[in-house]
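Working notes, beginning with the structure itself.
Per-chain numbering from 1; labels A, B and C assigned in written order.
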Amino acid sequence: MRVKIILTLVILSGLILAWNLHTIFFKVPDEANQGAIFRIIYFHVPAAITSFTGFYIGMFSGVGYLMKKDLRLDSVAASINEVSLAFASITLVTGSIWGRIIWGIWWTWDPRLTSYFVCLLIYFGYFMLRRAIDDPNTRARLSAVLSIFACVDIVLVWKSIEWFRTQHPGPVLEIRGGGGMAPGMEAPLWWNLLALLMLSAALILIRTRQEAMKREIDAMRRYAHAF
Amino acid sequence: MTFLRRTLAVAAKDLRSEIRSKEAVNASISFALVILLLFSFAFDLEPEQIRDIAGGLLWLVFAFAGTLILNRSFARELVNDCLDALLASPVTGAELFFGKCLANYVLIMIVECISLPVFAIFYDVRLPHLAMLFLVMLLGTWGITVIGTMFSAMTVNLRLRELMLPTLIYPMLIPALVGAIELSHVLINNGALAENFIWFRILVAFNVIFTILALALVEIVLVG
Amino acid sequence: MSSENFTFMFYGFTAAWLIIMIYVISIALREKKLRQELDRVRRMVEEDEQAKKASSPSRER
């Protein structure tokens, strides 16, 4: 059943992404100010929204563990955070490439990129913490607390860097190229978002199952050593 | 009242232990001086340029030196199972945490009060609004202390404790550090404080939010 | 400008897909390692139990 769900999600998201690629390259016109590079938005923004949503759902899953002490919720939290980290990396890399064309430099300390970089660092720390703890319950407990701190902090980091940049202006990546996007140009963005959300759901399901396998291995090792 | 009494008892214990040994404070002050020395090689600037980056330099020194004190905070209790004894005592996790926070706060403020005049002398930086600057130091240091003590509690039993603590706390501290840096910059450069009031709000908001969060979650971290 | 524009657009798309592919491959490799480990530990537990069953009748005597 699980395998069927994963396959369905992967196939559907693959189809939507493929169809969207066709739309993006052949139907959507170049943006007036930015040219062809503007199309990167169709990966950059959905990846950003997917990862951001994932981090917050991961936090709630961690809170769920703290309330119910069910290690499956910790597995879900770790899986979601890992997949979100991958999508956060995509956000940063595509944002950097976009900045290279718009501003001629690879990195701009733009508030969004900087905040995402901080988010990445915090969650690298999250996974370093998880690797450093052997006991599953301690690992789950401390990871949950760290993700709560991280999610509360991210909002403050975002706002403080934004205000810092209003006082020390630098290059800023404009998503909408001054104005709004024309209606025809926005649709592929939301379809890509749906596709990436489905893909991340499939990856999360696979990772959660791997975490369950790890727990089974640990349990059998303990059983073998106990008797 | 019991909360306050127990908190102050924990704080007094930590301060007494540190005053007798002076290990962490000495190391922290030495480290702060070394960083100030290294900055002099890294940045060979005119006085006006130094004043421009003074706020940032100062808070980098405070943040790096403060980590040495924060690392010791819970690690000192590992010897002879003192941490287990403390957790088994009537002192709650929140009281233990807040007491250690207060002790760390005092120690980091001592390091800062010694580093600040040294910084001013080394880099020929005038400090016109000393009282306001001290207020900024009080606010900024509390943010560093709360996050640092909380993560010190989290990492106390880990193998790579000294490595993990800086890795975890510096990204978290960015709002507090940016706020403190901006305010220090404005005060050192005689800027308009009224226009930069947003940074006071960020500092206060950071301190309040994370103090409450830490007090609420520290029992889970220490005990389970 | 416009050819550089197109080139970097392709770099961007390639980078995004590359990161996804690398992540999926790392998950697949982890799955293989976990399955091997799981089979190994299961065999170890079964052998242990068989060894205990074989030795327990002699203990009763």
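Keep in mind that, in the parts below, contacts are C-beta pairs under 8 Å (C-beta built on N, C-alpha and C of every residue); 3 or more make two chains touch, one makes a residue touch a chain.
Worth saying up front: this structure is predicted, and the values here are computed from it rather than measured.
Chemist: In this assembly, which chains make contact with subunit A and also with subunit C?
Modeler: Common contact partners of subunit A and subunit C, which must touch each of the two, are absent.
Chemist: By CA centroids, point me to the most central chain in this structure.
Modeler: Of the chains present, the most centrally placed is A.
Chemist: Distance-wise, how many Å sit between the C-alpha centres of subunit A and subunit C, to the nearest whole number?
Modeler: Between these chains, centre-to-centre, one finds 22 Å.
Chemist: Determine the centre-to-centre distance between subunit A and subunit B, using the mean Cα coordinates as centres, and give it in whole Å.
Modeler: Taking the average C-alpha coordinate of subunit A and of subunit B, the gap between them is 31 Å.
Chemist: Go ahead and note the Å separation of the Cα centroids belonging to subunit B and subunit C.
Modeler: For subunit B versus subunit C, the centre distance works out to 42 Å.
Chemist: For the complex, which residues does subunit A have touching subunit C?
Modeler: Listed in rising order, the residues of subunit A that touch subunit C are 35-37, 39-40, 43-44, 47, 83, 86, 89-90, 93-94, 97-98, 100-101, 199, 203, 206-207, 210, 213-214, 216-217, 220-221, 223-224, 227.
Chemist: Quick one: in the complex, what on subunit C touches subunit A?
Modeler: It is residues 1-2, 4-6, 8-9, 11-13, 15-16, 19-20, 23-24, 27, 30-31, 34-35, 37-38, 41-42, 44-45, 48, 52 of subunit C that touch subunit A.
Chemist: Which of the residues in subunit B come into contact with subunit A in the complex?
Modeler: Within the complex, subunit B touches subunit A at residues 147, 150, 154-155, 157-160, 164, 167-168, 170-172, 174-175, 178-179, 182, 196, 198-199, 202, 205-206, 209-210, 213, 217, 220-221, 224.
Chemist: So in the complex, which bits of subunit A are touching subunit B?
Modeler: Result: residues 66, 118, 121-122, 124-125, 128-129, 132-133, 137-138, 141-142, 144-146, 148-150, 152-153, 156-157, 159-161, 163-164, 167 of subunit A touch subunit B.
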